[in-house]
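In the two complexes below, chain A is the common chain; its partner is chain B in one and chain C in the other.
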Partner chain A sequence: MHSFGYRANALVTFGVTILAVMCAMASLSDNLNFPSPTAHIQVMNVNWFQKQPNGNDEVSLTMNITADLQSMFTWNTKQVFVFLAAEYETPQNSLNQVSLWDAIIPSKERAKFWIHTTNKYRFADQGSNLRGKEFNLTLHWHVMPKTGKMSADKIVMTGYQLPENYR
Partner chain B sequence: MGYIGETIDSIKSIQIRQLITQGVSLGMIVTSALIIWKALMCFTGSESPVVVVLSGSMEPGFKRGDILFLHMSNDPIRAGEIVVFNVDGREIPIVHRVIKVHERQETGEVDVLTKGDNNFGDDRLLYAQGQLWLQRHHIMGRAVGFLPYVGWVTIIMTEKPIIKYVLIGALGLLVITSKD
Partner chain C sequence: MDWQGQKLAEQLMQILLVGFAVVAFGVGYTIGSFQMMLLIYAGGVVLTTLITVPNWPFFNRHPLKWLDPIEAERHPKPQPAVVPTKKKTSSKSHQK
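Our next item is the complex of A and B:
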């Protein structure tokens, strides 16, 4: 009845159960956090704006990004992945999302930042629809936990427009 | 010594009815594992509901040996989601983040571009020759949950098959020789 094997089995089963319960509780405790992030983005300059040889419009922007994501961090947060996407509609596509810039925020201390940057990824359209195009800039974030459920949300900023002519 | 002797005795003393009982209980263990796996497939709608991260391309978010839980719903794919996709001509699925989405007006078909958080460039080099975008059918699921380290068990077992056989043998012996 009380052989070594049975005791080892009981001990391992108990240990694994406790670990699983603790992981589940850590993940559930994230639901008690209601983050209130803020973000502000300014397009400072259109560096160049042209048609690629394959016919797609491409533009290069310089932006000021200010954000405070500190309220996102809980004790179960490993990191926050934050990225800025341009979102717009064209006659061909009901939604275009083009990621312009991203960053990994490893700790709460680094979650309040200000950065002056050009777009890190190419802002290119599928086709030639960018002249005079109104677009939204959306700051997305993806909270990656130490364990458990991942969560994501965004702030949409409207009212940006590209120039009417190539430059 | 006593333990091993006892074990041998218990094998010797097995009768035909007991043998059948052991066989049934072994079968129950195997089938219940299969039932859990298939049920997970049903609930998540993904053909592989759990994947193990094999490369460091998503560090520091996901490390080698971490486990991801997948979910496949009919929700449209959006930028920022972490998806698992298969590329034609590659056996191992890749877990990367969506950075660009273009969704068609009428058909709702999507063109998607992905990138690993820890990689310098986007994934066009990983795609099939001349492929610029991923379509819906390439994508197996999106990652919704995360459990660290547990995947090391499968990595060790695939890389050192001897450990796998020893473990399976030992477990089998335990089931056969257990008295109740």
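Our next item is the complex of A and C:
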């Protein structure tokens, strides 16, 4: 500590170490938050439902998505990525996941929302299995913290069914 | 900066940084603002730098007392009289 350089070096080293400890504590403080998000999705309309020339089924839906994700925002949350997936079972695959819609929620104020939308990404099957198919709509989310580990979770909503015939 | 000044500077640096960190984390967590935590801590680091890094006068209150030159002359350095004999013996043994 006898010279300007030594003191500056000691201060910067100790300061950065403490900063790392503070970030670790901020990350740990997220464990005190127990989120209770809610989501509700209504399929308003099947706009069209057809077989593509290559033999794959494709359907277009109009949905009402209502969700309240405010409780997953803490002081250490940068943003939340949320996406809606249709999940169903076919003889070939025990789980098919088709992403229908997604969004980035940048702040707590925007985490309680209602949106009326058609599927943003195409709902197409690998094959011709969609007629009369029961499927789940699952709202997945990834919480991106300012410091620390990303976490993911989901809400599964069951009991949706596609029509028996193409239209 | 004298010895006690150096000790004081190091202790001040550690206490101030930890103090600012505790305050910054407390305030940030309470008002739910990560940015506020970083701002308070950054301010604290700047203030601590200004207090402990420059060689302020209050770090020089305990100057070392060197002996006067006269005192040193009364107790002269031992002359290097032994060294040449040692060299001789060592060189002799080497010749053997």
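In the analysis below, the second predicted complex is superposed on the first by the 163 of 167 C-alpha atoms of A that agree within 3 Å, B and C clash if a C-alpha of one lies under 4 Å from a C-alpha of the other, contacts with A are read in each partner's own complex, and residues count from 1 in each chain.
The working rule: a contact is a pair of C-beta atoms (placed from the backbone, for glycine too) under 8 Å apart; a residue touches a chain by one contact, two chains touch by 3 or more.
Bear in mind that the values here come from a model prediction, so they are computed numbers and not experimental data.
S.K.: Applying the document's definition of touch, where does A:H140 land relative to chain B and chain C: first, second, both, or neither?
M.R.: After superposing on A, A:H140 lies in contact with chain B but is clear of chain C.
S.K.: Mind working out whether A:F83 is in touch with chain B, chain C, both or neither, as first, second, both or neither?
M.R.: A:F83: touches chain B, not chain C.
S.K.: Touch check for A:A8: first (chain B), second (chain C), both, or neither?
M.R.: second
S.K.: Looking only at chain A, is it chain B or chain C that touches more of its residues?
M.R.: Comparing touch counts on chain A for chain B and chain C gives B.
S.K.: Touch test for A:Y160: chain B only (first), chain C only (second), both, or neither?
M.R.: The answer is neither, since A:Y160 touches no partner chain.
S.K.: With the two complexes superposed on chain A, say which partner A:Q97 touches: chain B (first), chain C (second), both, or neither.
M.R.: In the superposition, A:Q97 contacts chain B only.
S.K.: Would you check which partner chain A:V21 touches, where first means chain B only, second means chain C only, and both and neither mean what they say?
M.R.: After superposition on chain A, A:V21 lies in contact with chain C alone.
S.K.: List the residues of chain A that touch chain B in one complex and chain C in the other.
M.R.: On chain A, the overlap between the chain B and chain C contacts is residues 4, 146.
S.K.: Under the touch definition given earlier, write down the residues of chain B that touch chain A in their complex.
M.R.: Result: residues 3, 60-62, 76, 78-82, 97, 99-105, 108, 111, 117, 122, 143-148, 174 of chain B touch chain A.
S.K.: For the complex, give me every residue of chain C touching chain A.
M.R.: Touch list, chain C to chain A: 1, 6-7, 9-10, 13-14, 17-18, 21, 24-25, 28-29, 32-34, 37, 41, 45, 48-49, 52-55.
S.K.: What part of chain A is in contact with chain B in the complex they form?
M.R.: 3-5, 23, 27, 78-79, 81, 83, 85, 91-99, 102, 104, 106, 121, 126, 140, 142, 144-150, 152, 154
S.K.: Going by the contact rule set out above, which residues of chain A touch chain C in the complex?
M.R.: 1-2, 4, 7-8, 10-11, 14-15, 18-19, 21-22, 25-26, 29, 74-76, 146
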